[in-house]
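Quick one: this structure, given as C-alpha cells, is what I'll be asking you about.
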C-alpha cells in the first residue's frame, strides 16, 4: 500500500493522526521504541506544558544521537516533578546542581567528555525561564560566548511557577503573578520590562537558535533534530503554558500555545549565527483577546471594567513581532 | 641571614630584581626568599621588594624590617618615602644615580657610616647603553654584588641566562658586568686613596 | 628537582603533574599566577589531555568543575576571598554531591572593606561546607598538599580546599623540590569515580531529599569527612615513602615536648613563630608550637594530645568571628574541653597586616606571664579605634568608617612595614 500526503484538520487542534503519515514523518513519540527519557510516574500537574515539551524534546535528542545523551537540569518545576525522592523519572544520565548553573554544569560535562575523547556523547542543559533568563543568565551567556558544545533548552512558562507563580523577566506585560498583583492603577506585570532571550542568544552569533511551542510538536522535534546535527552552543526556547500559573484549563494547554503563536505574541522561528533562517507563519491571524481571555492571569483586563487600553498595548506588541519576524504568510 | 630591601617605582622591575637575586643565590646552593610589598599593579607608584639569603631554610615571613642592604633604583624616592627605615648601621646602600651621596643630600645622614659600603652606579645609563632602554634593575644587582660580596657576578649572569634569551640576555649580561666592574673599580680607587 | 620559583608557579606545576582533565577558573588576586601558569601549559601543549576553560565568574568556575567531575573528569579550580563567597552555593553543592574537586584558595581577606591582602577569613567562611580544608605552611607544603589532595579527594569522594597564604606564599620566590611525573604517577592513580554520568549506566544525580532522609545524608557527609582523620595520616606516610618529605598530616609540633606555653597557628605565620620560638628557647623559655595543617575535619584528638601537658595555649589566628572572637580558637577549645588549660585568643594579621618577630616576642613573653587578655588583637591601633568610636558618639553622619580611619592614618598607600 502506498502512502499519499493527506492534510487532516480537526477543529480546535491541528493534531495529525500519526498513522496517516509516512513513518519518517511521524513523531518520535509514535514509536514503541521511543526512549521514554522522561518516563511516566513524574509528578507534574495535569496539563503541564513543560512535561509535554520536555518529553518530546529529549526523546527527539536521544533519537538524534542514538541514546548517547547527558542532561544538566536547573532547579525548577521540571527538576522537582521529575525527581521526587526516592524516585526519578529520568532514564538518561541526569544531573541537578543548583538554580543558576545548568549551563555551566553542562559546559563542564562537555569538557570532560571532550577530554576523554567521547565524541559521540552529547550534552543538553535545561531549565525554566527563571533559571535561564534571570538567575542563570550569566552562565548562559558564558556558555554561548565560549561556544561550548551544549544544547540549552529553556521551557518558558513566564514565571517562577514551582515557588508559587512569581514574576520573572519572561513574564509578559499585564500578567498577574504573586509579585505583580492585579491591583492598583497598573495591575499586573509592568510594560516596558522583560527580556526575550532568543534574541539575546542570536546576538551571541551562536550556531543555532530556535523558538518553538508545544502546539507544533513535530516542528519542535524537527528543531531539536536540527540542533543535534550541529556542534557548539545552541539554544531552543520552548513556549509551555502552565495551567496552574496561568489559570487555564488543563485541557487547554496546546490550544493556548497555538493562540500565542497565531496572535503573533510568541514568534516561532529559527536562526543561525544571528540571522533568522526560517519562520513558522501564522495560519490564521488572531486578535490577542482570544489568547488572553481564557487565562485567569489576565482576568483583570476583562469583566466589569475592561482595560481596552492595556489590551491595545498588548496587541501592539503582537503587531510588532509580526512585522519584525515576518510572521504573516503572503497575502495573510 | 642577609636581608636586602629594594626600592623603586612600579614598572622599573623592582620585583624582578629581587627574584633574580634569589635565583642567583639559589644557583650558589644557598636558600633565598624574594617577595614584593604586594599591591595592585600601578606604574609609577613606589614599590618595595625584599630578598633574604641564608645557608639554611628561611622560615621567616615578615617584611624585611631591618635590612642589611638597600638598593635604591629610583633616587626620586630618597626624600619622599622613609626608605632608610630599619637599615642596620653600616648597612650597604647602593643607589642608581649619576650623582654622589653628597649631591643627593645624604652627606649628613651617612657621615658616621662605613663609606666603603656606600656606592652609586649609573645603572640607567648602563642599561640604556647595553640593553637599549632604561631598565636599571638587573644591572644594579651587578653593583650590589661588587659592593657587598654577598653574591657572585657569575651567579647573576647564570640567573640572567635562565630567565632571558637572545639580545635581551646579552644586553643584561653586558650591563650587569659593567655595573659590577664600575663599582668594583670605585671601591678599589677609594681604598687606594684611603 | 630543586627549583627557585614563585609559589604560584610551584602549585601550577604540581597540579599539572597530577594530570588534571578539566581546569576552569576566573581571575582574582592573588590566585592569578597559578591559573595563568596552568593555562599556558595547556595552551602550549605541555599539559596534555586537559581542557582549560576561561569562565565568566567564580560561580561558573565551581559549576563547571561540578559538571566535569560528575562526568568522570579530574577537575581543578582556584579562587580567593570574594570569589570563594561568590561561588558559595556551588561550594556546598559540590560537597553535598560528593564530587572530588580540588581547589586552591589563595587566602585573602573578605570585604567590605575591600582588601586584597592575606588573612584566613575566606576559607574559614566555608569551614562547615563539607569540604576538607588543608593549610600550607610553606610553598613546598603547598605544592605537596595538592598532590596529596587529589588522592585524598578521590578516595573519599569529597572535595578539598588547599589553602595557602595569598601574596605571602603565592608571590614569594622560594626554593622548592618539584617531584617528577613518574613519582606522582606512582602515588596518584587515574580517577575512578564512585558515581558518574554515563549513557551506558544512567543515574540521576542531585535529586531533592526531604525530611525523611536528609538527616541521614548529612550524617554520612560528616562520617565521611571523619574518615579523613585516619586516611590523612596514612596518605602522609605513603607520601613520605614516595617523595621523602613530611608534607601533609593533621598537625605538626615544634619544640613542644616540654613546653609550658604552646602557640597554635595555621599557615605561613608558623615560620615566623618558629624563628621567635628558637630565639626564646635560647633564652631558656619553655615555649613551643602546634601547627594545624588539617583544619577540616578538625583533628580534635591530635590537638588534644599535643596540648595536654601545656600550662597555657595561645591561639594566634588570622581570623575574626565578628560577635564572638576567634574561629580557630573556638575549635581548639573543643579539643581542650576535658582539660583545664588556659587558652588565649590573639587575632593578628587581618587584611595583610604584617605579623613581626618583634611583636611576637613581646606577645609571647606577656603570654607566659598570663599578662594578656583572653581575646586580644595584635598591634591594634587603639587610638584610631577610640577616635572613631568618639566620632560616632558625637555625630550621626560621621561618614564611612574606612575613610575616616585611612584619613587618620594620614597615608593612602598601604604600609605593611
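Letters A, B and C mark the chains as written, and numbering starts fresh at 1 in each.
We adopt the following convention: a contact is a pair of C-beta atoms (placed from the backbone, for glycine too) under 8 Å apart; a residue touches a chain by one contact, two chains touch by 3 or more.
Keep in mind it's a predicted model, so treat the numbers as computed, not measured.
Novice: Does B-C or A-C have the larger number of C-beta pairs in contact?
Specialist: A-C
Novice: When you average C-alpha coordinates per chain, which one falls nearest the overall C-alpha average? Tell me, please.
Specialist: Chain nearest the overall C-alpha centroid, as shown: C.
Novice: If you average the CA atoms of chain A and of chain B, how many Å lie between those two points?
Specialist: Roughly 67 Å, centre to centre.
Novice: CA centre of chain B versus CA centre of chain C: separation in Å?
Specialist: The mean C-alpha positions of chain B and chain C differ by 34 Å.
Novice: Report, in whole Å, the distance between the mean C-alpha point of chain A and the mean C-alpha point of chain C.
Specialist: Inter-chain centre distance comes to 45 Å.
Novice: Per the contact definition, I'd like the list of chain A residues that touch chain C in the complex.
Specialist: The touching residues are 67-70, 72-73, 79-80, 83-86, 88, 90-98, 100-101, 104-116, 121, 138-139, 141-142, 145-146.
Novice: What residues on chain B touch chain C, complex-wise?
Specialist: 18-19, 22-23, 26-27, 31-40, 45-46, 48, 58-65, 85-86
Novice: For chain C, which residues are in contact with chain A within the complex?
Specialist: 21-22, 24, 49-51, 53-57, 59-60, 63-73, 75, 89-90, 93, 97, 197-199, 201-210, 212-213
Novice: Could you pull out which chain C residues touch chain B in their complex?
Specialist: 2, 4, 6, 29-30, 116-117, 138, 165, 167-168, 171-175, 268-272, 274-275, 352, 354-358, 413-414, 416-417
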